[in-house]
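So that we are looking at the same thing, I have put the structure below in structure tokens.
Letters A, B and C name the chains as they come in the text, with residue numbers starting at 1 for each one.
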Amino acid sequence: MTGRAARIGIPVVFGVLFLVAWQAIVVGNDIKPYLLPKPTAIWAQITANIDDILKTARVTGTNALAGLVAGAVLGILAALVASRFRVVDSLLVPLAAAVNAMPIIALAPIFNTMFSTTSAVPRRLVVTLVVFFPLFVNALRGLRQVEPIHRELLDSYAAGGWTFARTVRIPGALPFVFTGLRLAASLSVIAAVVAEYFGGLQNGLGTRITSAASNTAYPRAWAYVAAACALGLLFYLVATALERIATPWRTTR
Amino acid sequence: MTAFVSLSGVTKTFRGRAGDVTALSDVDLTVTAGEFVTLIGPSGCGKSTLLRVVADLTAPTAGTVTVNGKTARQARLDQDYGIAFQQAGLMDWRTVVRNVELPLELRGWDRRRRRERALELLELVGLPDFAGARPAELSGGMQQRVAIARALATGPKLLLMDEPFGALDEMTRERLQAELARIARESGATVVFVTHSIPEAVYLSDRVVVMSPRPGRVAAVVAVALGERTDDTREAPEFFAKVTEVREALRGRAPVERR
Amino acid sequence: MTGVAAEPAAVTVVEGGPPPVHRGRSALGRAGWFVASVLVVCVLWEAYKVVGSPDGGSLFGARVLPRADDASMPHVWEVLRRFGRPESAATDSSSVAVAVLEAVWFTFRVAMAGLVLGVLVGIGLGMLMDRFALAERGLLPYVVLSQTVPLVALAPLVVGWGGRVHIGSMTWRPWMSVAVIAAYLAFFPVAVGVLRGLRSPSAHSVELMRSFSASWWQTFRRLRLPASVPYLIPALRLAAASAVVGAIVAEISTGIRGGIGRLVIEYSREATSDPAKVWTAFLGAALLGLVVAGLVALLDAGLARYRPAS
């Protein structure tokens, strides 16, 4: 196997072997479902609950998307402002580093009281916050790194602020922004699912996982986990596709 | 013969942590229109700084600079020169042809005209088939040709080049030197060229300005009259004589061993 | 939940490449700016309480601006004062500050256990992938994949292990579930960081070692390991923050008591009558994150000689 075949083939072989081994170990050692259900049992639950899975995935996906868009827009805007004004930069950068070390997700129950437990806004706000910082940090890093030679070249053209931003600074920052977006896309789904563990509306994938687990319906819980995984993967793939479209020069290598 | 670039009493001091460093000390230099002048010297002799002063990318601490009868700043604002650096400095996010178009775009040329002009220039530097390519797909020598095409795009009367062939292998280098000599002759542009290669300086120039370091100043000027440059020029006895003359000028004023 | 990374090399999801260039500003100066930024946040908070409506702001029927009343947004000083007062009405109740610190200490230990486990697994996996091309080609896609999907959603399921699993004479304790989830979140950045770091020496350096006829181990010890330090530190920083998030999320979904995640949930139930209290718990969680990040920073300072000079 060479090239593309190997790149896809080897992981597929590993994945199939993994599932087969999983099934064999669970059946062979008589492992109880609370520890690890059989892949076939999980699959049966997925097909049995497909309507509800799609419905709840839509709710969680909408929360993740709303938060992702809001957080990305705010993060990029903040980076633009910070790259322009030294004071904002000095204030936001250490704050971003600190907040990034904090478990933002723990704000979920607090947002529930600040807004209301019957709205999706608290969850979306958590996602927004979680997404904001990777976008801000990456966009700022991209906006800041300008090759000295490009600056000299544009100086030699007597090109000013906006022209410089349009021809050098913004295109140069795009790969960084999209790296941030790719990261944030995965984070947004994770945050949207986990935020549901902290109470509030009972209509998403996360709440289905907790309720199935507390009813000891483990294969069903795993089925919803699998759905959450698929949703996360979808977000990641869409972000990767957007990255390729927006920065074609990076994929030619 | 009219002076196109003239510098008088140019001094440039950089403030450093370990005290001030004088990069250029009282430099006088005149380049006449259509002339090809090379600045040569060991590292730290201020040759790149001198070029940047002419380009108004850095301001001299003292002295006056006149380019095309105006201040260096006005000449930059009027786009009287094109510039190329040691690195090609192409923008990864633009195709080759759009890199060449960049200075034209900034001057407000319309799309069709600038595309036409850029393709013409790619033809001139021998890369007509790479217009749609990305810079990352090109070899170092090809990238440098694109950078030269970009420097020539607006048809400037003055070309400033800072070791543009410094990072290339010898064969590519000689080929590009021949092309540059031809382009300079055909366009009639004035060229100020920085290098640390003696044969390169002699091959290309009408005059070689030999500089010495600490502080950077003009140590000697060697006039070269070898007529039209061909591949045979490199093997002519007069060529070697000039190479020797430049080498001795470099040695006499700034012993190479001491660096 | 903490992937702040700039890495346009566009292969993996983790922070890669040599660490960012720090701008010439002293640690003291940065700390000063941080304090200033916290003050700005507090001032904005109080300012919103002055201008905001007690019922929040609505757009298309959904409340998009928070309620500005004291029950939803307590004054900054109320929160600070709450630390000093007793946790509950019971006579022997200790102060909230003590309760929060105890909970932080509990979660800190669990998160550290998870972090150590995760780092060990990550290093092992990274070395395995470095050594065997087949392992890299087969596993790396899954390692990357595991970070794009919310496998932390498994947390409520791992709880089921508590008290029911026996490994030899050891009974599975609920806090171990929490540590396992923390470890799961922590291993990935380390695995990828180790892989990238071990691969970072240039072909020249590797050939030089070969010209010395150095063994695999000697090359590892003298070249690859020191060269990977600049990649390991950012990886560890991410891993540490992830372990904290993992521990907190796991505490909440496992329902085990004693940790700061649990305290956030417990205090949030009292939010209507005692709004400042839940904020004390969140500040405790924030403190935990900062302490863990600080430990990584200390390690970073200790290994400074392996970093390329900026």
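The rule we apply is simple: contacts are C-beta pairs under 8 Å (C-beta built on N, C-alpha and C of every residue); 3 or more make two chains touch, one makes a residue touch a chain.
The structure presented is a predicted model; accordingly, all values stated were derived computationally and were not measured.
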Review point. Among the chains, which is located farthest from subunit C on the basis of C-alpha centroids?
Key: B
**Study point:** Chains most often in contact, by C-beta pairs
**Key:** A-C
Point to revise | Between subunit C and subunit A, distance of the C-alpha-averaged centres to the nearest whole Å | key: 16
Point to revise | Rounded Å distance, subunit A centre to subunit B centre (Cα mean) | key: 49
Review point. Just curious, how far off is subunit C from subunit B if you go by their C-alpha centres, in Å?
Key: 53
Check your understanding: Going by the touch rule set out above, which residues of subunit A reach two or more other chains?
Key -> 250
**Study point:** Residues of subunit C whose C-beta touches two or more other chains
**Key:** none
**Study point:** Sites on subunit B at which at least two other chains make contact
**Key:** none
Practice item. Would you mind writing out the residues of subunit B in touch with subunit A in their complex? Key: 55, 57, 76-77, 79, 81, 83, 85, 87, 89, 91-94, 102-103, 105-106, 134-137
Point to revise | subunit A to subunit B touching residues, read off their complex | key: 147, 149-150, 152-153, 155-159, 163, 167-168, 171-172, 174, 247, 249-250, 252-253
Revision key, fill the gap. Within their complex, subunit A touches subunit C through residues 6-7, 10-11, 13-15, 32, 34-35, 90-96, 98, 100-107, 109-116, 119-121, 130, 133-134, 137-138, 141-142, 175-176, 179-180, 182-183, 185-187, 189-191, 193-194, 197-199, 205-206, 209-210, 213-214, 216, 218, 221-222, 224-225, 228-233, 235-236, 243, 250
Exercise for review: Name, in rising order, each residue of subunit C that touches subunit A in their complex.
Suggested key: 1-8, 10, 13, 20, 30-31, 33-34, 36-38, 40-41, 56, 62-64, 66-67, 71-73, 134, 137-139, 141-142, 145, 147-157, 159-161, 164-165, 237, 240-241, 244-245, 248-249, 252-253, 260-261, 264-265, 268, 271-272, 275, 278-279, 281-282, 285-286, 288-290, 292-293
